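Presented sequentially are two complexes of chain A, the first with chain B as partner and the second with chain C.
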Partner chain A sequence: MSAANANRPRASESRGDGVRRRSPGEDRNADRSLDCEILIVGSGAGGSTTATVLAEAGFDVLIAEEGAWVDQGSVIPFSLAQMDSQYRSGGVTVALGAPSIAYTEGRCAGGGTEVNSGLYRRPPGEVIDRWRSQYQIRDLDPAELDSIADEVEKELSVCLTPGTPSEPSRILRDGAEALGWQNSEIPRWMTYPEGTTGFRGERQSMTRTYLPRAMAAGARLVTGLTIDRLITSNGRATSATARQDGRPVTVRFRHVIVCGGAIQTPALLQRSGIRKHIGRSLAVHPTVKLAARFDHEVNVPDDVPVHQVKEFAPALSFGGSASNPGLVALSLSDSWRDFAPAVEAWPSISVYYAAITSEGRGVVQAVPGMRDPIVTYRLTRRDKDLLRSGLARLALLMLAAGAQEVYPSFRGAPIVRNRGDLATLQERFAAAKASVMTVHLCSTVPLGEDRSRCGADSYGRVHGYPNVFVNDASLLPDAPGVNPQGSVMALAIRNARHFARTERPRG
Partner chain B sequence: MADSPISVLGPRPIPEHTIITGAAGWLGQGLCNLLTDPTSRYYRPTPITGIVRNSEEAALLAGIAGVTTLIGDVTDASAMLNALADADAGPTTDLIHTAGVIHPVRLSDFEAINAGGTRNVVEAAAKAGVRRMVHVSSNSPFGLNPDRNDTFRHEEPYRPYLGYGLSKMRGEQAVSDACRAGILDAVMVRPPWFYGPWQPLRQTTFFKMVGSGKFPMFGGGRQRRSMVYIENLVQGIVRAELSDASPGSAWWVADAQAYTVAEIVSTVQAARRAEGLQSKDGGIKVPQFVAGGAVAADRLLQRFGKYKQEIHVLGEMGATIACDISVTRAELGYDPEIDLLEGMRRSIRWCQARGIDLG
Partner chain C sequence: MDSAPLVERLAAPFVAQLLRHDLPGLPSAHLDDTVKFIRRRFSSLPSFVRFGVTVIGAVVRAISIGPAEQPVLRFLAARPLPLFGEYVRLTRSLGYAYIWETWPDTLADGTPS
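Coming up: the complex of A and B.
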């Protein structure tokens, strides 16, 4: 790879790296194979950081990424085209239940970091303390995670936006201020070229940061490579069966670290016959939405607000959602008959969410013969009460910020124009009628020494499988109540360093 | 009166005349007694008119020097207009509207008294041009907290709890509408469950149940409840009355913090023992779902126009109703000095002084 593109490898160049190619006369059906010391499955926040730490420590690392390499900026953020190219199943995946919960997963080099809001929160100290004591996580030290967070923040250029916040962001801030509710701007991993405003930041996702760093240290990234299952023998995984362009590939390794995210990681382990406490405790931040119309133009189609309202945290958080015209229409669609006329006013509309920390849990279950696992999630009574209250409080905030009309996203919702309408909103709300969704999925392989519920040990080694590791959002024992990418990265780096200290690279 | 006395409780002077609706009720009697007691910090030397429903109610206030009574039913619009005219209400009059019903004989009383009655009082007060009206609302327009650890902030969306909550919300809306229209200067206080002297008979039952160790505790009694001692509430009302806050303002008025149900039960038991009464520890442990069942039964009964006090109270006991008074402190200088133990001890002494058997 030339120096010029060392930091920005293209899919075509990186794909197939290390794959033993057939010569012209070779049998088309012959297996292709890859060898490595460490196979990392997935290149998101967990996989990229793990690859960097291990490659820099001298290990021979191969990263298998199912999706493609998509350059930042080549696709409009939060657009349909992005859903098509960078999300699993075009962004349409659902956890079954009453209500069903729509969720999204990134599927591209860099994973979720390429497509999410880019908002960064450190893992909260009290959450770390709770995890350590409740799940018996050895040596989980908030100070160590804080110092890793310092490094991550530098690497990703985590900072506040320059200049004034966008209009949808200002609305959140001013509405909260009017009610006396605590709010703040959440920093992002963005850089802002000289002279640009907060609207034109460049996302410092994995394809711009840790992935190039890992590759500079010798890690190989293979895109378009789907790992189907791990082959185990006497409690050790020896190889993986995989596909690339529909053709079988075998990947042989000494260790495997699964970083496919909270849905794909447990699904792969289950398909490989590894099932104990795997995929049984999915945690999410269930989210309900509303659209608010103002008396002036507020819509920013290609960015999300950077303010969040944390007055009721961790139980409840409010923030802004992507609001391009298609997504505005989507948020109005639950009560389309009554709300449809509003869509014409989309430039004056922005979409906001209320997210809760849920007491409910979900299950990820791989099913033989099906490409995707079945995901179910059950909200508790308290979760549903909190979603209702959250939506109403968010609508109150919108009125306080000067909204003319608020359109809550549930079937049969009233248009909220004044505080009296908030009573109607709460009376009519039922979680089963709402478009509940989530982007934060975690906890399907919780880490810790509590063998009654943890799928992996204190450093992510799957219990009972000495060379199989997990190092992604699956490890978080429960949903942290804040944007989780910072927690995922800090924990992944901690675990990878522990691995590098305890395992020696093959000479 | 040439010079109105000034008060330490707010920037506005004490009014030349105070009118209290529901004057023979629990809170009304408390106000009449404290505002006319020269040893109380709430004392005002100016006359007080108590509006009561009938002569039996008037008799309850007969012994209080400084209080005159007028008979008038809040559900009768013209009676309210006449009462305020008879009382000579005007720009130097404040009106404290405490009339309301919480445990009605008929379900329709909620709407008639709490909503309709408030509309009538608002209209009469606006017509008379009173200086300020203080409307005594409730936590009930805001329902139950969604989570045991949740606390209602100063501003919350309405979510009325059953018939009572709906009627109290409509009462608030009548007040807000008049303020928005600029025809009345009114403010509101929102007390949660209150306790203390001048209590009605149902509170005696509460003391007895807790004393016998038979008070129902759902799910370990970890629900949180805001309560307010009646004298703290009087402080909140007077501070709201004399504040220079803009019309339409509303504040939670409660004790310093919310208590868990288990804490309420053990504090009442401690108060009983401190006042020389026998008391067993704890309460009856009841699974949380029973409270859910009681709420469902209450809802069903109310749908058919029926109201059963025991079912209603039982349902509410399983829930958290907690409010945050920090804005009340900041804006009104409100400082609830009496806590649960002291308040309950005073309640018990008040009952004992009147020969009421608390078991």
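Coming up: the complex of A and C.
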């Protein structure tokens, strides 16, 4: 079989459980080597949008995705089964520090867009302006990003819930309004049944939108393919060593665009010997949580609230978390001796978070002989103080919304039943005792012309490597203070279009 | 001979003891399922976390031999020691999440309702 024939799309294969070993239109090459003009590593918000732009511009694109293709709707959202099939390390990943910060990474076709809340925010104009001036990013135009955001929102069907928001979402809204705090419903990439009065819809993630579009334009997606390292010679990358089903695979390319997310992208570059300003400036939105019990059933096990409270933004914002019974138990586990009886009332409990814009930074460090990088993160004193005041304000919000009891997620936390208990909460809180987590990771290869701190140029080309690019959350110079995937997609499309304008497709 | 990865073999006895201590009403079948789940998760931890869990698991195993088992367990379950406390926290997090997602009507002491 010729390489060209081997690369043609074939029918998909499914195990019947929605987890496909091969994606629709996917290719698995028998001779264990693959050739392409552009290798895109990762198929998340950055990789899928990049693949679409470049495939539609006539480039020969191959997308290497380490995880599986999992049909939307085939796994219960936010369940352990989903963590098994669509998250890296079953969802148990951590940035070491005091405290350590638990984080999650999608590891499937479509990446994080398949498993997250689907809440969408445009890149804020003032953030773009700040990035452009502080990091010397050429031609970073808020108007251009706004125009791209228009396209993205249409493609992903970004909209508000047409019906009534869920009870946990209404609680956030009502609590904020009782306190006079600014709040709003955040739109999602979701479609809803015609005429619905409810809040349940179908997530329009990458496997429903950009990935099929990229493949329709000729891009090839290979799932289960792990790129181990890029082989470089004289400052150019020529090929990648990879594994699929435990067997070695070589991928040859003209250009490589790494879109593995803010942890895997710097790790791959470091393993490939590319280290300057790579992985040294991890930024996250750290969050602390609490569980709130009401006098009626509020729990929605398979969805998250769509309202957020932005009264103290960008430093501090409040929202709702997934709250299935297992996650309610998890949120109570830090003070189990005192909180355990509450778990039996889980239908009346929902979990909420306070997220901060952190001044701290983290490091991603690939270690020879280890499969995964070591990730560390250091919160500043201001971050820790903000987590404390954020948790107290969130507890106040819950009381204002009618919560009977509030269970903050840190060791030794009090049960908060009235405003008088908030002082005790603040007294007992220490970040080191809290279950701090995040789902927003970025900034490990910041873009810009400031070579004293940027790993890539203004369009994502890695400094010093003319055919190596990054095009994912790693490029964001810092955490934007809002759900970042809208920013990731807009920036990725901008950069991919610049690439298509400056490079010509081969033959 | 148990051919499971080292981290699983080292951790399994402590995981079972800790869950039995925290949730005395948990039926044996549920306990066994939960321990299996936690063992699987330990095996898929990122390399450096798995290494740390293996080392701590080995230390806990070494100091829990014979009559020391219950005192060590009670000590670790009650005190958030550096590193060891994280081991306990990880075990509880995984265990509780699994138990209440799988059997949501479980009572606070582990008894099925």
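To be clear about the criterion, the second predicted complex is superposed on the first by the 471 of 507 C-alpha atoms of A that agree within 3 Å, B and C clash if a C-alpha of one lies under 4 Å from a C-alpha of the other, contacts with A are read in each partner's own complex, and residues count from 1 in each chain.
In this text, a residue touches a chain if its C-beta (ideal position, glycine included) is under 8 Å from a C-beta of that chain, and two chains touch if they have at least 3 such contacts.
For clarity, every value in this text was computed on a predicted model and none was experimentally measured.
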Thinking of the overlay built on chain A, is A:A456 touched by chain B (first), by chain C (second), by both, or by neither?
neither
Determine, for the superposed model, which of the two partners chain B and chain C contacts more residues of chain A.
C
According to the stated criteria, A:S100 is in contact with first (chain B), second (chain C), both, or neither; which is it?
second
First (chain B), second (chain C), both or neither: which does A:W181 touch?
first
For A:A315, select first, second, both or neither according to whether it touches chain B, chain C, the two together, or no partner.
first
According to the stated criteria, A:L172 is in contact with first (chain B), second (chain C), both, or neither; which is it?
neither
Is A:E344 contacted by the first partner chain B, the second partner chain C, both or neither?
second
Return first, second, both or neither, reflecting whether A:V249 touches chain B, chain C, both chains, or no partner chain.
neither
Of all residues in chain A, which touch chain C in the complex?
79-80, 88-90, 92-94, 96, 100, 324-330, 332-334, 336, 340-341, 343-344, 346, 367, 370-372, 374, 411, 433, 435
Residues of chain C that touch chain A when the two form their complex
22, 37, 40-41, 44-49, 80, 86, 89-90, 92-94, 96-102, 104, 106-109, 113
Under the touch definition given earlier, write down the residues of chain A that touch chain B in their complex.
179-181, 311-312, 315, 382, 385-386, 388-390, 392-393, 395-396, 400, 419-420, 422-423, 425-427
Per the touch rule, the chain B residues reaching chain A in their complex are 141, 143-147, 149-150, 153-160, 169, 173, 327
